[in-house]
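Have a look at these structures, which come just after this line.
The two complexes that follow have chain A in common; it is paired with chain B in the first and with chain C in the second.
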Partner chain A sequence: MIVNKIGVIGCSGEECLGGTISRLVVRKMLEELRPGMTTSLCLPLFIAGDGGEREFAEKYPTISIDGCSKCCAKRAIEKYSNAVAGSIDISEIIGEDKALEKPLSTRNLTAEHLEFVKQTAEKTCEIYDGISS
Partner chain B sequence: MSETICVLPCNGLDKCAGDLSRRAALQLTQSEDVELICPVLLNQNKSRYEKALEAGDLTVIDGCNTRCASKLAGDLGLAIKDKVNVSEVAKALDIKLGVEIREDQETQAVVQAVLEKINSSVIDRAESEFVEPESIDYNTFSHGKFIFKVPTANYFFNENDCWVTVSGKLARIGVSDYVQQNLSDILYVDPPEIGDEFEQFDDLGSIESSKAVFEIISPVSGTVVAVNTGLNDAPELVNESPYEKGWLVEVRLSDFEEDQDLLHDCPAYFEFLQRKVAEVDV
Partner chain C sequence: MSKIKVIPCSGIGKVLGLLARESVLMVTQEKCPNESETLCLAHVVTGDDEVVAKIKGQPCITMDGCPKYCAKKSVEAAGGEVDHSYKVPDFMKPHRGEEHGTGTYLTADGWKFAEELSDILAKTVIEMQEEVR
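Here is the complex of A and B:
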């Protein structure tokens, strides 16, 4: 497996706040924390089977970021492509009750939500650095 | 038509258009009548949304021309009632979305246009489908061995004992319980042609029984959009269910407000019919 790029895949879930956070963490990784080496894979596109997302996950390591314990992202990657190199369940970081709150528009995020994004992103970076080193 | 909407956005993360599909969907869910369907969870566990999809019409919001949400719905055999493509809406507004996810006036304008398009489709559908009431209550009175029933509300009658009930710009027309009891066993219904235009009190076909032929006198003006084809094989439905399954003609109304001036509402027709039955030998 090639390790000059790492795919980060959020569940993008609409069932809960954890899904909203997963979207934001992916953007943060891509734009702020690990730009350049990070590739975001769009999970709905991955599922649809277009756009080369599945092929990417065959060749490169991926990290799934799931909003809740349903782990839709991890399951979809492993079903359609390859085993993930690392995975995160946001409900384990911020607590299940919080993770299962209603999804939010980004304009309605509070400081608490942004802290959840930061904590999850830090955990993602740990896994990321473990894979890339 | 369903009263609820299930909205399935593509929820894409790698383009601005996908993000706007999500924003539009989240705004729609401010209404209690809208159920948000997560595309990823739908793919993993369709049964999670089965009840919602049975109860509501499915609206799909695709971000781009890859149409992931439409494909997902198609792969799962879901009937799509309405589709909106965010990129096409943006193009019509001459707004370039690109890859970067942003919240500015342009993206808000696109979200607003997507919402307006969906709302307008919902209204169009409401106006193009006759919505049957869930249940109808009746008042009854007896005369000799006969019992006559008249709905308590939402029906209007002319003095020829033909009724109309309205749903948006559409209406259904039929004959009253009094007519079907007078005619006895109905053998044949001769409906008008779809597309026929007619004025209030024009002839709208006829009903034939073993005893007589009854001319249907329209209580309203309009255009015929459908006839009850179920009566071809089962004209007896007019006897069994004169106000519901035995409806005759569906019409697009021309001017119901004006037509209504010459019609009886349910309580008035109930009194009218009581007088009529008392005077006429049934």
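Here is the complex of A and C:
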């Protein structure tokens, strides 16, 4: 497996707060924390895409970031492509009740939500660095 | 009658996915909360029996961020009836030259555009409900 790039794939779930957090963590990894080496893919492209997404996840390690314990991103990647190298279930970090709160528009983000993003991103970096080192 | 399912792609790479996501949240949470609801597209992608039971044969509207139509294709693959399929770029013409933001955040122009998209979705939801009555 090639490790000069790592795919970070969030569920972006539309039914709960955890989905919004997952999306923001992926963006933070891409833009701030591990730019350059991080790639992301839209999860539904595994069904709708031309196959490039499945091939990417076969060649490169991926980290799934899921908003709830259904772990849809992890299961979809593994169903259509390859085992993930690492995975995060946000409900284990911020608590299940919080993770399952209503989905949030980015215009309603509070300091508490941003702290959840920070905590989850830190955990993602730990996994990321373990894979790339 | 069951609520109309309104499902965005929530694409992570560009602002178009965020515009789709935010416009759908506006409809399902603010403009038509009694007539519409959304589903996690990531859950739809897994093809779980639980999500197939929720969506199979149900009237759906999809809002995609690009011509790959991930939301539409994934909903159809799970058995949903896509009565109206929209994509954000189709509504861009009057907004040429505007900066709408990134996959992380929307600018003031981006929020105005998302409002416009949500109006189109809300009108479609109401029309679909009236057709059934």
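Brief remarks follow.
Everything below uses one rule, namely that the second predicted complex is superposed on the first by the 131 of 133 C-alpha atoms of A that agree within 3 Å, B and C clash if a C-alpha of one lies under 4 Å from a C-alpha of the other, contacts with A are read in each partner's own complex, and residues count from 1 in each chain.
Definition applied: a contact is a pair of C-beta atoms (placed from the backbone, for glycine too) under 8 Å apart; a residue touches a chain by one contact, two chains touch by 3 or more.
Quick caveat, the model's predicted, so the values are computed rather than measured.
Following the overlay on chain A, a clash is recorded for the pair chain B and chain C.
When the two structures are aligned on the shared chain, A:E15 is found in touch with chain B and with chain C. Of the two partner chains placed around the shared chain by superposition, chain B and chain C are both touched by A:A73.
By the touch criterion stated above, A:C42 is placed in contact with chain B and with chain C alike.
Shared-chain residue A:E122: touches no atom of chain B or chain C. Of the two partner chains placed by superposition, A:E101 touches none, neither chain B nor chain C. Look at A:L24: by the touch rule set out above, it reaches chain C but stays clear of chain B.
When the shared chain is aligned, no partner comes close enough to touch A:E55: not chain B, not chain C.
Overlap of the chain B and chain C contact sets on chain A: residues 10-15, 19, 23, 26-27, 40-45, 47-48, 70, 72-73, 75-76, 103, 105-107. Only residues 7-13, 17-18, 21-22, 24-26, 29, 38-48, 68-71, 73-74, 77, 102-106, 111 of chain C touch chain A when the two sit together in their complex.
Residue ranges on chain B touching chain A, taken from their complex, read 9-15, 18, 22-23, 25-27, 36-41, 43-45, 66, 68-69, 71-72, 101, 103. Per the touch definition, chain A reaches chain B in the complex via residues 10-15, 19, 23, 26-27, 40-45, 47-48, 50-51, 70, 72-73, 75-76, 103-107. Those residues of chain A lying in contact with chain C across their complex are 10-16, 19, 23-24, 26-27, 31, 40-49, 66, 70, 72-73, 75-76, 79, 102-103, 105-107.
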